[in-house]
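The chains carry the letters A, B, C and D, assigned in the order they are written, with residues numbered from 1 in each.
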Amino acid sequence: MKDTQDAKPDVLVGLEKVGVTNLKTLIHTTWKGQGYYFTPSIEITINLEKNKKGVHMSRLIESIAEAVEEESAKTGSSIEDIEKRILEALARRHPYRRGEIRMETELIIPKETPVSRRKTAEAHQVEVSVIKDDGSYAKRLKVTVFGNTVCPHSMETAGVPHMQRAVGELTVETGFGNVVGLEEMVECVEQSFSSEVYTLLKSEDEKHVVEKMYRNPKFVEDVAREILEKAKKRFRKCRIRSKVISHESIHRHDVIAEGSVQSSS
Amino acid sequence: MKDTQDAKPDVLVGLEKVGVTNLKTLIHTTWKGQGYYFTPSIEITINLEKNKKGVHMSRLIESIAEAVEEESAKTGSSIEDIEKRILEALARRHPYRRGEIRMETELIIPKETPVSRRKTAEAHQVEVSVIKDDGSYAKRLKVTVFGNTVCPHSMETAGVPHMQRAVGELTVETGFGNVVGLEEMVECVEQSFSSEVYTLLKSEDEKHVVEKMYRNPKFVEDVAREILEKAKKRFRKCRIRSKVISHESIHRHDVIAEGSVQSSS
Amino acid sequence: MKDTQDAKPDVLVGLEKVGVTNLKTLIHTTWKGQGYYFTPSIEITINLEKNKKGVHMSRLIESIAEAVEEESAKTGSSIEDIEKRILEALARRHPYRRGEIRMETELIIPKETPVSRRKTAEAHQVEVSVIKDDGSYAKRLKVTVFGNTVCPHSMETAGVPHMQRAVGELTVETGFGNVVGLEEMVECVEQSFSSEVYTLLKSEDEKHVVEKMYRNPKFVEDVAREILEKAKKRFRKCRIRSKVISHESIHRHDVIAEGSVQSSS
Amino acid sequence: MKDTQDAKPDVLVGLEKVGVTNLKTLIHTTWKGQGYYFTPSIEITINLEKNKKGVHMSRLIESIAEAVEEESAKTGSSIEDIEKRILEALARRHPYRRGEIRMETELIIPKETPVSRRKTAEAHQVEVSVIKDDGSYAKRLKVTVFGNTVCPHSMETAGVPHMQRAVGELTVETGFGNVVGLEEMVECVEQSFSSEVYTLLKSEDEKHVVEKMYRNPKFVEDVAREILEKAKKRFRKCRIRSKVISHESIHRHDVIAEGSVQSSS
């Protein structure tokens, strides 16, 4: 019996991305000798030829299940290793020309408070995507990091600045084999704000952070540019994008700045 | 033929709220002689007796349609007038002991910038609920308003404060006939922050707002308390609740303060 | 005195988009002789030259205020007319090479129930963007419309199908002068589902809709393709994109299909 | 030097809840001999006396850090054990009469597909709260579980039903020492829908699930009632609440049903 999915569709147009999204599962990874557990939200899609009615969706899920089980058993697998293995497992089950898998999760990075030297744990949203296109693999990594902006304009006109929470995003696209660490990406964003932020701050730490903010007034534009510059120096052969949103303390609306550069080989 | 909804259910337990939610429609109101258009998100629910399988959901929708059409044609109807009319229309179609309808929408209030005297329009999230319980009508009004907090603690320890966007909520519960203006509720919240915020600020306005912020350092607790006090003075015979969330500029997390008071008759 | 924004930045990189986002205001439009009120969420951005530190954000807000006031007074202005006027007003206040404005709002379209012929009002999310690039204007229109999918595969294997709510998006990009109606875009999406959906359905209407669903089993892929085909026939000289998400009733995750075509001139 | 937080406030009103929210950290728990890793979103609040200006927020964070470190090192600690330990650690650092901590996270439960017997992992949103009030501890547990509803009314009138994804919530409040398993709460909700749902379904499993759905038509009211009944039988001495939302496939809006019961001692 022929599957409905393999029938000829009424409209003969190929589709770019067909698959499942908002799928959650548990994965185990290893990075620099340390084990991590994640519960990412996953999207996996493949292209659909114009003469096929549908994608066999359960094969996408089976490929995730198979690769997650195999890779989680090993030590030494990163999120992107697991994703590549999923696309390979899928190729054995379902033909496709272009496939893409994305995992969104939270990365907890341990840190020390700046003066009192207490241990804290800082959570950052990360997205890791692997794309297989005509046989070659590429990846896209994105981190979303909290910080702040301190307005240089009001510092000049009022003598004192308004300031606020801001959120910076850094995205890099590069070949699969090019090593780019998510922690290093987080650092590029954190260090571009007026100050980095912390989960725990004792009085002496708070004083240190606040004083640093007043010494580093920055527009959202300044932060977006510094992220680009830091990432360009640090990561080779990458397409680099930054986007910064500042939750203005004197307005109801937000301000944004976005830009992109290509790093040299 | 008997409707499925009127059959006896398998489990003989009464339910407190059954109805529809996330329903959008267009309504037209009049308030102090001025016409307004809203596209609220609506939730309407009634209690369900233990021996009835279900609510006739389409009668809830018909009651909304009927009352919106009738009231919108008139001048002089507020959101709460329309809601009461919906509960009345529903009582003619479907028996219930307790019914509740809530509309969430945005209220645009015109304002002037503090120094340059430009006109601006400020949007606030509002919720208006009418509850009919055993024949008597009550209402619950809620406004969500943006502002800011300026940290008194870091002002003392570092000499300069960190500051950030904050969001204040004020909820009042009172009898249906007790007049409580949403604009006055918005004012209670706005004036409790370190400073009110504006959509448009020219340089001279920005200087004015920033200077005001530095003169009024406030914890999130201070803002929550001032909202309660202002509302208590202004609105009689009300159960009053405030909640303030501050999007800390030195942390990844938010801080909150909540409280409640009863105003005198 | 020179403005801080005009100073030379530390990092000499041009930025693609700088501006404000999540700004709400009230606008009044006219379309086919009928007046409409909207409270859109607005994003407006311009490019920033590499040798300027920042954008004068208040000029973006002033341009919105000016154009909204002028255009709302007229009859005959659509959302895209107001947006073009904002970009023109901005060009007089602030130099830029590329500017873009986007408004997201809800469009209420009156409808009739299929059998009982009652009036209903159906709300659809719409996005209208105007882009000025090197002096020429283009636009991007997007509608997000609810419907449903009925699984052809389970219909074959189980004899009866599972079905669920689905959400379809249609985006068209075209020259500013090319007339493309949002209502016609909504129609393209609605008519591509197994059935259109309604806010109000009496028993006879519900029967009609349910029977139609069973006669029209469709994968998410079928819906995405039909949207593309309908839009291609209806709108000339457009870049057309469709995306459909189905909230599977037998799974925790969603399934998606995306594609694009170019319509002929 | 006296801390700003200990100063007398301008408005002498006590506040019910003051603290931090949207805080993320990594925790390690053990449940029935199995280790789990979570990255919950945490809210922790305490009451504030009317004569104190503010809460020492950093002591809340320190209490979390201390208890998470201590408990994660042990085997045998559940989420609620860690929460109780946090409230105890806090009591040593900061006086309070009533304190509450809530963690929201995802619980992954392994499952087998109904016919093909493949392994799958199903993710459910859970909330675990511990409340200390005048020295005694209570807890509130909530699970949010996906399933579906199949309309009994359209089954009667049209001969075939419409169906859709639905989301069920079960909340229990009880003494700290009363053992209530989150997995058992998930089961109560899953088994109350027309059918449970699965991440992976091969053709034979899909057939089984779809056939089950057609055999079990249920209104959202039926599901809400069955959750209450199942939970009442299973969990003693609990205040039990259920809420079910059905994402109607024939409407743009959702339908809801909510109820509550008390289970016997």
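Annotations for the structure displayed:
Going forward, contacts are C-beta pairs under 8 Å (C-beta built on N, C-alpha and C of every residue); 3 or more make two chains touch, one makes a residue touch a chain.
The structure displayed is predicted, hence computed values, not measured ones.
Of all chains, the one whose Cα centroid sits at the greatest distance from that of chain A is B. In this structure chain A contacts its sequence twin chain C using mostly the same residue numbers, the overlap exceeding half. For the pair chain C and chain D, the distance between mean C-alpha positions equals 36 Å. Averaged C-alpha coordinates give centres for chain B and chain C that are 28 Å from one another. Looking at chain C, residues 23-24, 123, 153, 199, 201, 203, 206, 251-253 sit in touch with two or more other chains.
Those residues of chain A whose C-beta lies close enough to touch chain B in the complex are 122-123, 146, 148, 153-154, 157-158, 160-165, 195, 197-199, 201, 203, 206-207, 209-211, 213-214, 247-253.
By the touch rule above, chain A contacts chain C in their complex via residues 3-5, 9-11, 13-24, 43, 45, 48, 53-55, 57, 152-153, 156, 219-222, 224-226, 228-229, 245, 251-261.
Within the complex formed with chain B, the chain C residues making contact are 23-26, 37, 39, 58, 61-62, 65, 106, 108, 118-121, 123, 199-203, 206.
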